[in-house]
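To start, the structure under review is shown below, and the notes come after it.
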Amino acid sequence: MTVRFAFDVAAGMAIVFACVMVVHRHPVKSVLALVVSFFALAVTFVLLSAPLIAAVQVIVYAGAILVLFLFVLMLLNVPAEVRQTPGRPIHHTLSAGAIVVFAAALLAALRSYGATSAPSSPAPSDPADLAPLARLLFSDHLLSFEALSILLLAALVGAFTLARREGSP
Amino acid sequence: MPSFLALGPNDVAAAAPEICLAAAGCLMVLLDAFAPSARRWFATLSLAAIALSIWFLLRAPYGLSFGGRYETSDLTSAAGLFAAATAAVAILVAKPYLQRTGEEKGEFYALLLWGHLGVSLMTRGLDLLVVFIGLETLSLSFYVLAAFFRTIHASSEAGLKYFLTGAFASAFTLYGIALLFGKAGSVRIAALARPDLGADPLVLFGLLLLLVGFGFKVSLAPFHAWAPDVYQGMPTPAVAYLSVAPKGASVIVLYRVLTAAFAAGIPDRFRTAIALLAILSMTLGNVVALAQRDIKRLLAYSGIAHMGYVTIALAVFGRDALAAVIVYFFAYVVSNAGAFAAVAALYRDETKPHPVGLLAGEGRRSPFASAVLALCMFSLAGIPATAGFIGKFFVFKSAIEKGFYALAIIGVLNSLVSIGYYLKVVYVLYMREPVEEGAPPPLAAADRLVLGLCGAGILTLGIFPAGLWNFARRAAESLPFGR
Amino acid sequence: MAEILESHLLTVLVFLPSVAAVLILFFPERRSREAKIFAIGASIVELGLALPLWSRFDASSGAFQFVERSDWVPALGISYTLGIDGISLLLILLTVVLTPVSLLFSLTHVQKSARAFSIAFLVLETGINGTLAALDLALFYVFWEVMLVPMYFIIGIWGGARRIYAAMKFFLFTMAGSLLMFLAILYLAARHRSVAGQWSFLLSDLATLTYPSMAVQTVLFLAFVLAFAIKVPVFPLHTWLPDAHTEAPTAGSIILAGVLLKLGVYGYLRFALPLFPDAAVRFAPWVGALGVVGVIYGALVAFAQKDMKRLVAYSSVSHLGLVVIGIGAFTSTALAGSVLQMINHGLSTGALFLLVGVLYERTHTREIADYGGIAGVVPVTTGLFLVATFSSIGLPGLNGFVGEFLVLLGTWTSDHRWWAVAAATGVVLSAIYMLSLVQRVFWNPLTRDENRRLPDIRASEFVAAGVLIVLMIWIGVRPNDVLDRIRPSVEQVRRSVTMHAGAQP
Amino acid sequence: MTVALWVVPALPLAGFLLCLLLGRRLGKSFVSAVGPGSVGLATLAAWSRLIPYLTGDGAPIVEKVAPWIAAGSFSVDVSFRLDPLSALMVSFVTFVGFFIHVYSIGYMKHDETDAGYARYFGYLNLFLFAMLVLVLANNFLLMFVGWEGVGLCSYLLIGYYYEREYAADAGKKAFVVNRIGDFGFLLGMFGVFSLFGTLDFDSVFKSAAADPGRYAPGLTAVCLLLFLGAMGKSAQVPLHVWLPDAMAGPTPVSALIHAATMVTAGVYMVTRCNVLFRLAPDAMFVVAVVGGVTAIFAAVIAIAQNDIKKVLAYSTVSQLGYMFLACGVGAYVAGMFHVLTHAFFKACLFLGSGAVIHALGGEQDMRRMGGLGRRLPVTYRTFLVATLALAGIPPLAGFFSKDAILTGVFAAHQTALFGLGLLTAGLTAFYMFRLVSLTFAGDFRGTPEEAAHVHEAPPTMTVPLVVLAFLSAVAGFLGMPEVFGKSANRISAFLEPIFPRIGLASDEPPGHALSPVTEWLLIGASVAVAVVGILVAWNWYAKRRGEPAARVAASFPALYRLVAEKFRIDEIYGVLFVRPFVWLARMLWKVVDVLIIDGVLNAGAFLVELVGDVLRFLQTGNVRNYALTFLIGIVALLLIVLAG
Amino acid sequence: MTPNGIPLGDVLLASGALFSIGLAGALLRRTAISIFLAVELMMNAANLAILGYASALHSLEGQIVVFFVIAIAAAEAAVGLAIFVALFRHTETIDVNKINLLKW
């Protein structure tokens, strides 16, 4: 019961700060809001008995990625979005409409058909035991794992290629 | 070898093609950094890598590997072949192109190869995770390639647009995967084959999100908006690749997923959705292409239209339809990639936009490239005795055979419209007086080669389609239709 | 070599020009005159090779002859099947005659990138011969469309002032027609598969099909007919023709009017009739009616023209209207007349375009008003033009009359007598517009001084025109030489319809 | 040895080819040899067949040359036929033709260029070829070949002076009007074919004669269509308009084509088809009426013409009307007889007028002539003879033929038509002597230099005049009326075989029934009106210098102008047919073709382009909009797939 | 129902909500970075859903997937930010309303 309550709180926070992130006009503030939101998400991950992922979430996402964002924001010292005059009424109204419809459809679908089949295997004895996870990672998902390495490499090289100044090797 | 590491010789053999692509990429990055003098060999090296990988692919033992998450079959060979062909074209185009722009860097080829690797993963993965990683590898590489000319505003902007829309799209894809995983209990595509899933609305939702996500890659209207801008700003060789191989891979992925999910046959509403995508893409693509002034945008819209034709085959959904798709993409490689190759060869200043009008009189100034470009235009327009016609022929045949007359009729009417702008290019080439005087610089050897190959390919496929068709039929056998 | 000629004569005839075209690629640009001469040589060799068709053709049978068959796309039953009957025989001969004539005429007149011109022409010849020889619908469709491309270039590159518009119009019109035919062909093949179990695009196979309903047959029929009607062209689908003919270079006009238009009628005879006998029977009245409209409409509009080539172009609409009437009437006499009239029109209109071209090359104007009274200046041209004119208005003793008479007679004896009456007014109308053309160009006072010193026809042009004139007189005096070869084939066509008609529920 | 019939037309054809191909290079002397030469040979060839035939039994000779056209159930040969009718025609066609060729040598010498000279004789030879084919043909289609061929030649020869616009116009007019007739002829042939299944004269007429009841119903239409052809060729009202204009051609042409031979082809054709016409009485009546009306109508116009050739032209029209009147009442023999005589005296008259014009250096207006009798004695005398013949003064040729016609008409109880005929006879005499008086009597009204230039024609021209005048004097004795004895009418006996008996009233050519008294009365009447006409004309124009005529004209000015302007037929046609035609043509082109059809198509194309041009602005370049379209797409798909 | 007694429905609704919010951000924000942030949020929503299902199904695969996704997101971020920087050099802004050189 407490777990459920905790989850609701965490999820709630995540949602709230996500909203803050969206509505806030200053990028830096939105990043910070997102950090909080991601922390909250990390909590929910723990509650969903995925402690490793929670940790990764905190370290990689909240830690690395968003800091990177802040860094770039500072670098480019991006200003707050000033309210558009005259703005794009058509775009906003349409977007709003579309989002509402989509959200409604999505939530409705999840709500009524979200249920899935009963678990085939028994619940893992100890969610904190990472051995099975690691084993799975290196057996079944070995290919993905290797592929991922190439992806990261590509990203690295790509980022390097783009971001370096002209003339530098 | 540690006990937990499940990597058999079979798996190595299966992964060999990707491995050598990856390795070649790394090698070139390193060479670029430490032995810049080797740059002029990069194109050759990449070609070698492509050749080697396709060789491995064709030699790899058929069947599953990596715990049933990776496939080697006629289908993957077919996909691998036309992807490799596209890559080869792109590399050959890139060589002189990059020389002209002084951007002949290892990264370009490396990213191209890695993107190609992503395509290969997409076509061979039996596991949504692998497919997704492949997709992302491809996307990331090409985000970078789009923005590769940092000195050119258009290029950077293309990068930004491609990146934002691409990330947006892959978020949807990912959510679709999430839903499917949740419902099927596994990311294996085969897991979708559970009979009770076929009708589940949430599964349909997930499939729809996948359709959208990959439809974005295929640049189906209304998920096409990125294509014109990106094509326009992106270095032409990269476009040559991006405009063909990833699309083919995406369609094949969609076919995989749908065949698994709809073993019993595709639901009518879903088919309607696909058909509408097809119609919208064909019509919008062709009609708007008429209004384009920049040839790369024109080709982008033409591409949108062509994917509409392909999507007809997706809506028809059957073994022959899949075979038709494969044939279509082989034809599309020679026609579309060839067209971009010719564009790269004919527009000698990459820093400027590529208005069609600039081709005026090229027919006499640089006859060979113009001839090939014209040939590509006729092929794209689907004039018989060219590859393009063969592609259309089989697509429409499959539609007629299964009784989708409306789709077929809309299709042909669209190709009538398309003639309008394809011929416009031809007439600018041959029936206008040159704008710039003086003989143009001679074609680079690589350009000659690639243009010659594409021209020959267009005519060969157009005149002797039998072999290709049988090959495609066999490839289509690899998917479990109507089981 | 010899036995290849024996066994694959048609293949050789179809592809020889393309081979020559490829060879021309190897001529350097500055050697364009040699290239042209080479092209003429090639087309004459082609002509020479085609003569055995005439001599070895068995005039007693209406079956297909010189048949060749080999697989193309076996998986879909698409085969490379060639063969000719009397109808295609004559049209092929017409083609191989008109091509050297056109090239010969162009020898001195086409300067701009002459190599490309010769290549385009030879490829065009391949396309036409292929279309006429193909007995497999897929093959037919391929050749049918391939013809467009060189013609598009010929009009677009070497044409007159509004050539771009004309070329585009020509291409789009023809394409618009043939695309639906393409789908119809696919349907037929698929139908054959579902009925007979395996794919086939072979005419002889598809001709045996029955259709689920009359409606289906009608739709397919119309899909085919649209393609052919545009090509002919039948009113009101004719408006591409005046532009194309007027803007095309002379040689292009000759081939366009001489052969390409006939392919519409040919396609109708060869494919639409045997494939859809019931629909054909049902729609015959419409066909004939459209023909009648074409005859009168074309003649009237021709009379109103101020541009020589346009006038001749519209006269083609009128003449082909007569041909169409013959098809609609569908009696043996009328059909034979129609086929003969196709040849005649090819010769007479070809000659007219050629001679108009002779004048145009000297004055660079097509305006009738810019001429007048030049008969004394260019007597030979005038004489040839008169002969062509009288052939075109059907004066007895020349070819035009025979075809015209047979069509009208055959129509009169069919159950549409009034078509004959209406169409016979064409006899008067054609005299009116052609003779006023002759008067306004060659007769009347010579008003323009620049016309006083026009050089008369040159040797090459004279030969080109002379060939046509000779053929006109020959057919006019000994029409049976041609009719003998037409008759059995026409009977065959009629049988193919009458045998299967009524099978449709 | 006998020459094949096909040789007869073939010789002029050869002449034609030689003249046109070589004439320009080899010059006038060559042409002068070949042109008339070939015709002379043809004449000899023809007569070498005619003489034995005339003495023979008159059984038709058919010589098949080769099959010509065969398609479906239709087939027709090139084959020639010699029977009394064609023999009669050939005899005078070759003869007159030859003499007019000879005459032309003199007449055309003034034509400066060799080319023109060659062209002239080439066309003239071609004409004889066509005319001979026409008369010798053994089936309708071959006849049609000649029929159109002579039309072609008349077109070419009328337009001989092509650089004169009115000549070119006249030529075109002649051809087009003829084509209107041919339209009828063509349909007539179709009718014949669908009735009899062949176009062969023998089989058609035989089966028609064999079974009248079977074919009679269909025949009226067929005959009327055929007659339409005849009207066009023989310039019958209302298709007569081309003949007067045809005078724009050289005068010998007018003499040969537009007086002696071609224009009588219609009469020949009707006579040839007499079996069919006799089976269609209604059609015959139409023929008679058209003929009668034409006769009087043209005669009236002729009175008020001042151009010497125009007078003769209208006189020709009028005489042709006479011939059709004869055919219409069944007096075919009389018709053909008149064809023969008319050929002689009208050719003579035209050649005479040609001599006059030649003498005056091209002057054709009679008001500027006069008093030429003394200056051109030969011309004058021959002309006078021919005129008297035409006026029907016994014993000249015209008297007998015209009398035969009138007798026939009277005997057929067509009183009204008989009246017309008689009146026409009077008018004919009047206008002919008006012509003679104005031209030859009185004193010269032209300019002095013209007067100085006047001279008698060279012998090449006078000899034919004399010959023809002689013939127009004596030819009449071939067909003397019955009152001079049963066998007096040789020509009718000669033509007997071509009028097979078909068991109808019309078997008996009219006139046999008449009593000698009536015949004498008729003769008297016709002679009387002729004499009256002559005297009045002589009195008015020769004696009193034309002032009574002027007075008459002045007292009915409107009527006079109407007549002088040929009843404004051309103008009426212009309003009724020509202008609407032109308007319609332009309308169809500018409105239907350009505006409607092309308009619709271009509009469609433009619309598509427009849509494209609008839609491309959806591509705003703003990524957010792209994302939006993306989302909207998803929503739409969701609604399609999941809704409901 | 997950082992820890959290109803799957709640998890899914939460993820759905987050996804929609992210969507809103992606559509309504103008700064490229903010848009990308929103996209990141959408991916996290997906992660949440996957983990929810994973725990409900007692499957570890889900965690693996999420693990990969996070890595991918990181890579995307790197590339994306690099692109922003590169473009910023030309435009001095990353306001997508102002970035429309390529259009029509």
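Order of writing sets the labels: A, B, C, D and E. Residues in every chain begin at 1.
Throughout what follows, contacts are C-beta pairs under 8 Å (C-beta built on N, C-alpha and C of every residue); 3 or more make two chains touch, one makes a residue touch a chain.
Being a predicted model, the structure only gives us computed values, none of them experimental.
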Both-way neighbours, i.e. chains that touch subunit B and touch subunit A: D, E
Would you mind naming the chains that touch subunit B and likewise touch subunit D? A, C, E
Winner on contact count, chain pair A-E
Per CA centroids, the chain at the heart of the structure shown is C
Measuring from the mean C-alpha position of subunit A to the mean C-alpha position of subunit D, what distance in angstrom results? 104
Please report how many Å separate the Cα centroid of subunit B from that of subunit C, as a whole number. 43
Determine the centre-to-centre distance between subunit B and subunit E, using the mean Cα coordinates as centres, and give it in whole Å. 26
Chain-centre distance (mean CA atoms) for subunit A and subunit E, in whole Å, is 5
Indicate the residues of subunit E shared as contacts by at least two other chains. 15, 19, 22-23, 26-28, 30, 32, 35, 47, 52-53, 56-57, 59, 61-62, 64, 68, 72, 75-76, 79, 82-84, 86, 94, 96-97, 99, 101-103
What residues in subunit C touch two or more of the other chains? 172
If a residue has to touch 2 or more other chains to count, which residues of subunit B qualify? 129, 133, 136, 140, 143-144, 147, 150, 159-161, 164, 168, 172, 182, 185, 201, 205, 228-229, 420
Write out all the pairs of touching chains, ordered by chain label. A-B, A-D, A-E, B-C, B-D, B-E, C-D, D-E
What does subunit D use to touch subunit A in their complex? 622, 624-625, 628, 631-632, 634-635, 638-639, 642
Quick one: in the complex, what on subunit D touches subunit C? 20, 24, 67-74, 115, 141, 144-145, 148-149, 152, 155, 159, 162-165, 168-169, 171-172, 175-176, 179-180, 182-183, 186-187, 189-190, 193-194, 581-582, 584-586, 588-590, 592-593, 597-598, 601, 605
So in the complex, which bits of subunit B are touching subunit E? 129, 132-133, 136, 140, 143-144, 147, 150, 153-154, 156-161, 163-164, 167-168, 171-172, 174-175, 177-179, 181-182, 185-187, 228-229, 232-233
Flag every residue of subunit B that touches subunit C in the complex, lowest number first. 364, 378, 383-385, 389, 393, 396-397, 400-401, 405, 408-409, 412-413, 415-416, 419-420, 423, 426-427, 430-431, 465-466, 469-470, 473
Taking the touch rule as given, give the residues of subunit E at its contact with subunit A in the complex, in rising order. 2-25, 27-31, 33-34, 37-38, 40-41, 44, 47-48, 51-64, 66-68, 70-79, 81-86, 88, 94-95, 97
